[in-house]
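Both complexes below contain chain A, partnered by chain B and then by chain C.
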Partner chain A sequence: MYGRKGYQLPKDFASGEKGHLKPFNSKLFDETIEECDQNHHLIQFLIRHLSLSICIYFTNKVFCLIEGVDVTRKMEQEGLDVHNNRNADHYGALVHHLSLIHNKRCLMAYVHNRADIVRDLAWRVGLELLDLPPEIQDKLTTLEKRVLQEPFCSYQIVHGKSRNRVECRYGASKRTTNFTRHSMHFLKRTDAELYIA
Partner chain B sequence: MASSSDMGSADFESLSSTSDVELLKRAWRNEKAAPEILPYEGDLVERAKGQIELVEENIEAYVENGIDPLVVSLYQMDLDRTQFLLRSYLRVRLLKIEKFMFHSLKSEEAESRLSEQEKVFARRCADDLAKHFEESVLRKLPENYQSVLKQSLISEVDDMVPEPHLDTFVACRSKSHFTLNLYEEGESTQTEEMYRGDLYFIRYKIVKGAIESGKMDLI
Partner chain C sequence: MAKYYYDIDDILTEEEFAPVLFHKPANGVTIDPSAETNSVEQGAKVELPFWLAHELHLRQAVSINLPACFDQKTRLEIQADAACVDLRSRCPYFYEFGCKLQPLVTDRTLGILLSTAFKIRYKERLTKVFTATHLTASKFLPFLTIEETNLYEAAHLSMTAFKKWRTGGPRFQRASILGRKRKES
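Up next, the complex of A and B:
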C-alpha cells in the first residue's frame, strides 16, 4: 500500500550491472499492479462516502472528468465554501491517488529503462536477435523481443532498404571478398572486425 | 612578404572552413555536444552524399587504371573519414530521437527540426513504444490512468514526457564578436561580450540561439 511495492521496481532495476539486463521481475510487477487496483478501489469507496459539498470540491480538484460535471460553476452557484469542506475522506482519497500515480511512474520507468537496454542491444546485434544465446533470450519477455526487432526495421526505413544499409557500411562499391578456410588477407580493420567471432 | 603569406594563410583558413567536410564536421560536433536535437542540415547531407559517391567512383577508376596504391589508399582514408562523419551525424540524431521521441512529435517547432525520414522513424518508434507500454503496463491500470503522456486524466500538461535538459552546461567557442543576453527575455538585461576565439563553459539554453545562428560552435 502507498507505493511500497512500486518503489522496489526501480531499486530492482538499479541493483543490476549498468547496461546489463536482469530477468523480468514479473512477481514484483504483478504485486505493484495489484497495489494500484487496491488504491483505485479505495479511492472509489472514499468518494462515495463524501458529503455532496465535499464531493463537489474533491471531484473538482481530482475527479471532475470522472463525474463529467463542471463542478466549479456548480460550487459558485451554490455559494459553497471550498476550503472548509476538506476532511479525512478527502485527504485519504488524495493520498491513494498520489500513491497510484507514483506506482504508475515506477512501472513505466521499469519498462522504459528495460526497453532502452533492449533497444541498445538491437543497435549492436541487429536482426541477429534470434541467434542470441538462450541465457540472454530468457531475460527478455515476449513483448521485449518484439521491441528489439521493430526499431531496427524503422532504421531501415530511414536509410532505405538493404542497398543503402550496405552503403552505410561499404559505400556504393560493388567489391566483394571471399574467404576460404585458413586463407590470409590484408584488410582494413573496419572491414575485418565485422567477421571476427 | 610576411604580410602576403599571412593573408594567404588567412584566406586558406577561411576557404577550408567553408568546405562541405568542415561544415559537416561542425554540424557533427554541435549535434554530439547539444542536449537537444538541432535543425537538420538537409542540403549539407545531400552534398556530402553526392561527394562521397563521386570519390568512390574516382577510386574505382584509379584502381582500374593502376594508379599507385598508396595514393589510392590516401583517397580511401579521406573517404572513410567523411563517411564516418556522415554516419555518426545521422546516428547521433537517431539516438536523440529515440530518447525524446514523444517530445520530438509534441510540437510543430520540435518536429520541424527533423528530416522527413526522421519524422517517419520518430512516429514509428513512438507508436511501437506506446504499444509496448499499453500492452505491458497501461491496460492493467485503472481506466483514468491509462494515458501514455499523462499521469492521470486530470493532469493539465503531458507530465510523463521526458524532455531534453537545456540547463546542461556546454563548452563552446565564439566565432565572432557579439553581445549575448545571459538571461531569458523579461528576467534580466545582463549581457556579456563574446569575443572571437574565446572558450566559454555556459548553460546551453543561454547560447542556444547563438549556436543555431552560427555565431558559436560547441566543442
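Up next, the complex of A and C:
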C-alpha cells in the first residue's frame, strides 16, 4: 500500500548495471497495477462516504432550520462529528490519490528508462533483432522487440530540380542501407519516398 | 520538472522516510502502526516517504521533522572529520534528500550542514580518489553517497578518455590545405 510496490520498480531498475537491461519484471509491474486498483477502490469508497456525510449534514441543517434548533448542538447531541469526519475522509482519499499518482510515475519511469536503453542498443547494434545474442533478446518484451524490428525514421525532404535533399532526423538501419542521425543525403525523389515513415 | 519525472535517482530520493506530525485526521489509511483502526488521528507521529509527506505538507495536513540521518550525532561526526563519515549508510541520497527537505523544515542550519559536508568531502576525499589507484579508491567508495559516486565515475571516465587521447595518435594534424604546393612563377 501507499506506493510500496511501485517503489520496487525503479529500485529493481537501479540495481542493474548502468546502461544494461535486466529482464522485464512483469510480476512486479502487475502487482503495482493491482495496488493502483486498490487505491482507486478506496478513493471511491471514501468519496461515497464523504458524500453521505455531506448529505446527512445538509439534511440535518434543513430540519434544524424548520424546527428552529441550532444545527451544531443537534449534531453534538446525536454524536455526529460531521465536520471532522468530512475532513478525515477527504484526507484519506487524498493519501490514496497521491499513492496512485506515485505508482503511475514509477510505472512510467520504469518503461521510459528501459526504452532509452533499447534505443541506445538500436543505435549501437542496428535494427537487426536476430543479430542480438539470445541472452539479450530474452530480456526484451514483445513491444521492445517490435521497436528493434521496425525502422524509426523521420525525413525532411527539400525538393530540388532532379534530386532532393533528405535530412535524416532519427536514422534507420535496413539490410542494405544505413543512415546516421542528422545526416544529409541527396536522393532521387523515388528513392527518398521509400524511407518516409 | 519534466526531466526529473522519469529520473530514477529522483524517485529513489523521494522514497526516503521523513517523520511527520499529522495536523488533520485521515480515514481509510493504515499508515499509523499504533492505531487500532485504519485511520490516522490528529496529532499522530508517523514516518512517511518524502513524496507523500511533501504533498501533505503543501496542503497543511502535516508538518515535517528532520530525519535521523541529519541528527545531532551525524552533525558532530561531520564536524569532527567529514571525509571519514559513512554517509551512504545514513542516507544514500544525503545531499539530494537534504536539499528537498531544507525549505520544508524549521531547521535553518540544514543547508549549511550539506554545504560544509560536501566541500570538505570533495576536497579531502573525491579529489584524491580520482587520481588514486583502484585498490585505494575501493576502500573509500562504499562511504560515498550516490551523488558523490556519480561525480567519481564521471571524473574516472574523463581521466580514461584523456589518457586514451594522449596515447592514441598524433596530437596535431597538418591541415590538408597546407599540403598544396604553390607553383613558382
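We adopt the following convention: the second predicted complex is superposed on the first by the 112 of 197 C-alpha atoms of A that agree within 3 Å, B and C clash if a C-alpha of one lies under 4 Å from a C-alpha of the other, contacts with A are read in each partner's own complex, and residues count from 1 in each chain.
What we mean here is this: a residue touches a chain if its C-beta (ideal position, glycine included) is under 8 Å from a C-beta of that chain, and two chains touch if they have at least 3 such contacts.
In this text, all values refer to a predicted model and were calculated from it rather than measured experimentally.
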First (chain B), second (chain C), both or neither: which does A:P10 touch? second
Name the contact category of A:F45: first (chain B only), second (chain C only), both, or neither. second
Now for A:M108: first (chain B), second (chain C), both, or neither, which partner does it touch? both
Have a look at where A:I33 lands relative to chain B and chain C in the superposition and call it first, second, both or neither. first
Tell me which partner A:A88 touches in the superposition: chain B (first), chain C (second), both or neither. second
Look at A:R119 in the shared chain and tell me whether it touches chain B only, chain C only, both, or neither; answer first, second, both or neither. first
Using the superposition on A, tell me which residues of chain A are in contact with chain B and, in the other complex, with chain C. 105, 108, 112
Mind listing the chain C positions that touch chain A in their complex? 5-9, 11-12, 15, 24-31, 39, 49, 51-52, 55-56, 59, 61
Of chain B, residues touching chain A in the complex: 52-53, 56-57, 60, 79-80, 83, 87, 90, 94, 98, 117-118, 120-121, 124-125, 128-129, 132-133, 135-137, 140-142, 144-145, 151-154, 160
Quick one: in the complex, what on chain A touches chain B? 33, 36-37, 40, 62-66, 97, 100-101, 104-105, 107-108, 111-112, 115, 119, 141, 143-144, 146-147, 150-151, 154-155, 157-159, 168, 171-173, 188, 190
How about chain A: which of its residues touch chain C in the complex? 1-3, 7, 10-11, 13-14, 42, 45-46, 49, 84-85, 87-89, 91-96, 98-99, 102, 105-106, 108-109, 112-113
